[in-house]
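Handing you a structure now.
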Amino acid sequence: MSEVNETLIPQLGIVTDIRTDTPDVKTFRVNALDGGKVFEHIPGQCAFLSMPGVGEALFSITSSPTNKEFMEFSIKRCGCVTDWLHSMEVGQMITIRGPYGNGFPVDTDFRHKDLLFIAGGIGLAPLRSVINYVRGNRDKYGKVDIVYGSRSKDDLVDYDEIINEWVNEKDFNVHLTIDREQEGWDGHVGFVPNYVKELGFDTDKTCIICGPPIMIKFTLAGLIELGFKKDQVYTTMELRMKCGVGKCGRCNIGDKYVCKDGPVFRCDQLDEMPSEY
Amino acid sequence: MQVNDNKDFQPTIVAFCCNWCSYAGADLSGTNRLQYPANVKIIRIPCSCRLNPIFILRAFQRGADGVILCGCHPGDCHYTTGNYYARRRMSLLFSMLDYLGIEKERTRVEWVSAAEGAKFAATMNEFVDAVTKLGRNHRLEDLRCKKQ
Amino acid sequence: MKKMQAANLNDFFRAAAAAETVYLPVDSADGARFMKYEDGVTLSMACNTTRSAKDFFFPQVENLVDFKVDGKKIEVIDGREEVEDFVIFGVRACDLASFEILDRVYLNTPPVDSYYKNRREHGTVITLACGRPQETCFCKVFGIDAADPAGDVTCWMLGDDIYFRANTEKGEKLIAACGSLLTDVDEAPVENAKTAIRAMVDKLPIKDLKLDKISERHLLENFNSSVWKDLYESCIGCGTCTFVCPTCQCFDVREFKTNEGVKRFRCWDSCMYSDFTKMAAGNNRLSQLERFRQRFMHKLVYFPANNDGVYSCVGCGRCLKSCPISMNIVKVAKALGGEANE
Amino acid sequence: MQRIGVFVCWCGSNIAATVDVNAVTETLAKEPGVVYATNYQYMCSESGQNLIKDAIRDQKLTGVVICSCSPRMHEATFRKAAASAGLNPYLVEIANIREQCSWIHKNKEEATEKAIILGRTAIAKVQLNAPLIAGESPVVKRALVIGGGIAGIQTALDIAEAGFEVDIVEKKPTVGGKMTQIDKTFPTLDCSACILTPKMVEVAQNDNIKIYSYSEVEAVKGFVGNFTVSIRKKARYVKEDICTGCGLCTEKCPQKNVPNEFNLGLDTRRAIYIPFAQAVPKVATIDPNYCTKLNTGKCGVCEKICTAGAIDYTQKDEIVEQQYGAIVVATGYNPIKLDNFEEYAYSQSPDVVTSLEFERLMNAAGPTGGVLLRPSDKTHPHTIVFVQCVGSRDVSGCGKPYCSKICCMYTAKHAMLCREKYPDTEVYVFYIDVRTPGKNFDEFYRRAVEEYNVHYIKGMVGKVAPSGGKLKVQASDLLNNEQLHIDADMVVLAAAIEPDKSARPLATMLTASMDTNDFFTEAHPKLRPVESPTAGIYLSGCCQGPKDIPETVSQASACAAKVIGLLAKDKLTCNPCVAHSDELMCNGCSSCANVCPYGAITYVEKEFRQPDRTMLVRRVASVNPAVCQGCGACTVACPSGAMDLFGFSNKQIMAEVDAICK
Amino acid sequence: MQEAMKARAKELLADGSVNRVAGWKIGEFSYDITPAIFETAEEIDRDFVYDDFCGANLSKYLISQSRKEGKILVFLKPCDSYSFAQLLKEHRIIRENVYIIGIECYGKADINKIREKGIDGVLGIKESGSSFVIDSIYGEATVPKMDVYAERCLVCKSKKHAVYDELIGEEGDVVPSSRFDKVAELEAMTPDERFEFWRGELSRCIRCNACRNVCPACSCENCVFDNPNSGIANKAAADSFEENMFHIIRAFHVAGRCTDCGECSRVCPQNIPLHLLNRKFIKDINEFYGEYQAGENPDEKAPLTNFTFDDCEPSIVYKRGGNQ
């Protein structure tokens, strides 16, 4: 019996590095107990992290599958589990189970396309996995544009990686914006949806959006104004799930289970779903 | 009623003591070196009216064999009226526990003033005896919390 | 086909119970309920049990895994144990159909749920054809034949006799073990009985509930229907319908801190509960209207969409009997356009 | 992640002799969250405290557990030490391993094990401690005294003397209260007016005191240090600042037949009146119930004759709003109505009088000019029967269950004065017990019996029947076991006293608690006798219980001292271990407010975003941390668990329970 | 009765006094009646019903309904009106937005009692004098109403309304009730017997929360058992302790507030006599602190938020009745 693999029984991981990204976002590096990765994944997939006695929560895997050494999770502090994660120290064991979800169609629909990534705040976390996957397989994708905005400069997640690595990547265009003027910031100021419209992209790109629901809504409207079709736009849904395997019933929206059929959806698919997300 | 056949049985007793009278009474019994069994562990609460029935049930769930509440004598409450409310609440709760067939000797309320160190010790001795006679709490136990 | 005198039923149970635990419906204060067979326990003649038989495979509370925490170290203890073989006697056609629906979720849709699988593999189901269907029964709507349920063994109680038919290897084995009590017989009386039962079922008041209109309509059309607003208001948001329902399978995963460590368990949950979809990241269904709609949409629309048109309802009628305010899937289906053809 | 430090004290050998402190330290060091554990001979010593302070700084501790003596002993010490090292003082928990462990157990193994459990319990609690900050609220440096009798006067004078402003609200046209009506005072027999009126004058002249006479408290809002009180100044139809108190109007007013309340209706006054000669303020007041001008529009005599032009028939009630830091209740008492005591024929015969009426009949300024005359025929009474305990100590329901305390003494006084002034009168006093605890009280009583030959009879008066100008008194003499029949000329009833009727609505306004007899409840019967449980409300005089004058005055001064103590502070530091309500959980059912002894809980209508995205106005509880004393009664009364107590939260107590039972 | 109610409801809707009506809606089989909110005369004509199966207490719906736009008419049976009055006392209902018509009630039938009589397959029930004529799949049966009235109705405590704006039908009186007999019977058992009894009952609990959600006294915005911050949140009873815990605490939380409307037992799918827990508290309160009926007097202090100096001590429990 016990040899049957059971997805509800988690594996153990060890936190080997903790990086503070913003005042309320930390990035955690997780390794298997014997080093290496706990499991492989596809960009856009998620995993449950938990501390027994505190609780279990689902996070998107921020690191790219091309990273063969470890997994990373960028986590915003917003509840009891994340509070605990934010207070822990390197060397702490945690339980981890996954990977869950469909992930982005990086090896099918995205192949050889020009990609436009649009992210707001912590919404960069799931996209970072894709972006770094694209960087790792640069020849398989076309041009890459990244629009990333946040409340302030301090709230930009992975800022160092963006300005030190992404901007230098071939055919990568990074457009950063913050909501309000700030000392020491000479980049663009304004909300992401408006910035996207201002930038005015070619409509042959495949778009990947992630951020707060309100940002997604307005950005999508902006993209459609620019001439994009909904089937060109992908997004990943807010993560309200419990079991991860499409059984517990919480994330059931219409005939879809977000944890299994999602979290990545194409926007034309969302139109077919009840508006409960 | 169950008879305890295990001579070595050591009950776990939780005593909730109000800060102003009974906790001081417990201190006084210590100051006077009056002995009572180590099974009794005291939790300090501001007033007997702070004791939520949930705490009592929680104690039984977690493995307590007896729960006792000590507060100021009626009329002497530091907060004037707290123990009067506690008295009503506990009367009703204990009656309900009894109604459910749970041994009524496992719960008790005693008014102990700050000067009654001797009464505190005597009460604890009596209570521990009574609970020891009853044996382990089975009727309000949670098997998940039992020592393996 | 085998036969036994009903008077010998007790011997049959005793023989079966010698090898494995036998559960059977027994009359009690809450109507009939499945109980372990022991000497003196007698079979209930009720149409069906108050609670469904899903507990056998999907118990209300089930331990998933234990943890021990020591400083920064965590130990994971897989608490799964092999379930012992057991027999459930007297499962009605509707409940048997519910097992198939649960199978679709827990076995047929990957990943397989090993807890469920474990119990399912060790259970032998003896079904019992219905003798006295109730006004709340509407299994026929879902194409379920109350007269001839499958399962490992099928039984018919006809007057003083009980007829047995083994349908599977497991069933054969069980019948063989009780062989001395049974004699081979002809199927004719059973065939007659089936006809009689079917005739009876055809007379039931809700038999003609038609769900075609709902199925034909677009998912979103059903979702946006105005009937939800009219129906939900009386719902008190309890979990009665979901807990008595044989096909409801939602669960919650919770933890309990013991004195030793942490137990992670799952327990039944209800989509009718206000906290069902409440999680740190937000809540999908904030109003009772949405939650009420979810339950029925899931059963009548979403589940069929993913499962070849099979509804997640077997017409057992339990929710009709139990709902505190008598709101139920039949009233909802009719409001949505599932009027019976008069 | 918690970083908890554990400090185990040996207390010399007090703890270390019976508890293996090393074992305790080592075991507790392994508890979750503990990063530092040590032990030391005397933790409370300076070097012990330094050990704690250093560890807080070096180890960046987020919580401290000290296993030592009772928290009642050194909790404050250790909290202070933690605070000085930069740790919130409420992140310190004490495990009491001396009084509740080492001192009561002899077996070292047992005591050590218990000490470990107690330590673990404190660790479990401290994990959930929240840093608490004691709130501060400003103190308005003005006091309000409600009631201008001797209690209120004395309190006001004492507070004013200390340099704080005081307002007195008196519902009658003059201050002075009951004491103005009293003739002589026991046990010294000095003249009541002679000792009171100078104080009334003093009140009037004190710059720090403002008198709102003929005024009542209308509404009270706020809390200790910051009350807002609305005072209704009733229209007296006389301009207070212009009236000179000459009294001409009170002589010329044609409406003569108004019962004079100052003399308890034993004579009459005019519709415009000054209660008595020494009234403060000495200002006329028009009685709107009797004034012809106000009722019919005709007359206007007073206006015509008032040379000062003080009369103003158009005056209206005026509401004044004022801020106060403290409120003193000095609402006093009244004799009870004797309607329930038909056997004494009080309502049948004018010659059956209450003791207070008797005071007026004896008083030189009274209706008879100080000559004792029967009200019925104005003749001199020869036989007077005093009945004590009329309505006092009465559990039948007709009267009051308590002892009115002053009756024994004033009856002795009356009897003595009668005998002294009119030696030809026979004076009988019927008593149940004579209670004379007080300085020179018993001597006084004995003088009445021994020197003045007052007939003290232990027994009850069964009936008083008016008959042919006499009052036939039927009574029993319990000591001689005989029935007595006395033909009396007058019967004087020592009526029980009860709190003034205005006290009950006032208590509601003040959220101050009362007992079943409507006496205000003190915060502690022994230790805080002049404070109400509601912070900032103080009790002076008979509103708290029956008292004689000296006792009233001493309580009044004690009360003033408490008020001064409060007003001397610029800010109040609140106990941060108070209740708080989670508004999202609160149902607004009022259960908590119903059990709060301090009136700390109020309700507000607040708009909430509902789960289904709509907005809804709900009634939710809100605790005033300046008023809450942290008893926790509300936390259990609250069914939804919205109420919790800082410092002793539900989760903390449950964590302690879990740790003990582990 | 039903026609008078319908007529009055339509009248009040028509003259704009109210814009909604809370009543009962006809079901599939004449016994499965659902509480409903009616907005038009047509709906009332079509679906409104008031008969012996309208047991559901509508008062709790008014918590949310009275906060909606406009005024709502509600029909309250005497026992429902106590619940309403209690909710009013706890400031849970906005009185101005509710128009109450008190309706007479002589008891409500319990379909389970009909089934217990072996009458199954019920298709329709008709009233015939003091009996019900029941048409079922398996034939017709006649039963006296009294035989199938709900337990709570057989021991009805009051035919008098605690609150109403107008009445349809006769106003009754507070009536003597034998509702504590079963409690007394349990009290007379030995603790072991009582323990066995309650284990048997409470072990059937499936924690569906029907009792809680239907209870007018359990009107918390968020129940402690649902609130993860309460420390006792719990969704399913993992063992016997948790079964006890839920019911003890629930009973304690409604102690002094429970009007004994009996809804908890009516709705329990597992037939647990939950009212016996509430009645125990009511009985104890009456015996310890004097007669108290929740919902009766809006100004009276509830027994658990009140005290007297000479209240009995908790040790009364050791001295009182029951076998040792």
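Annotations for the structure displayed:
Read from first to last, the chains carry the letters A, B, C, D and E; within each, the first residue is number 1.
Simple rule for what comes next: a residue touches a chain if its C-beta (ideal position, glycine included) is under 8 Å from a C-beta of that chain, and two chains touch if they have at least 3 such contacts.
Since we're looking at a predicted model, the values are computed, not measured.
Of all chains in the assembly, those touching chain A and also chain E are C, D. Fewest steps needed to get from chain A to chain B, stepping only to touching chains, is 2. Ranking all chains by how far their C-alpha centres lie from the centre of chain E, first place goes to A. The innermost chain, defined by the distance from its C-alpha mean to the mean of all protein C-alpha atoms, is E. Chain centres here are Cα means. That of chain D falls 44 Å from that of chain E.
Per-chain CA centroids place chain B at a distance of 36 Å from chain E. If each chain is reduced to the centroid of its CA atoms, chain B and chain C end up 46 Å from each other. In whole angstrom, the spacing between the mean C-alpha positions of chain A and chain C is 39.
Residues of chain C in contact with at least two other chains: 69, 252, 256-257, 259, 269, 274, 283, 290. The multi-chain contact residues of chain A, meaning those touching 2 or more other chains, are 89.
Multi-chain contact residues, meaning those touching two or more other chains, occur in chain D at positions 595, 637, 650, 654, 658, 661-662.
Per the contact rule defined earlier, chains pair up in contact as A-C, A-D, B-C, B-D, B-E, C-D, C-E, D-E. Chain D makes touch with chain A in their complex at residues 1-2. Partner chain D is touched in their complex by these residues of chain E: 67, 90-92, 219-224, 227, 229-232, 253-254, 257, 301-302, 304-306. Only residues 30, 32, 611-613, 658, 661-662 of chain D touch chain C when the two sit together in their complex. Across the complex, chain D meets chain E through its residues 584-591, 594-595, 603, 616-619, 637, 639-642, 650-651, 654. By the touch criterion stated above, chain C contacts chain A in their complex at residues 64-65, 67, 69, 72-74, 76, 78, 80-82, 105-106, 109, 111, 113-115, 117-118, 219-220, 223, 249-253, 255, 257, 261-262, 264, 266, 269, 271, 276-277, 279-285, 290, 294, 297-298, 301-302, 305-306.
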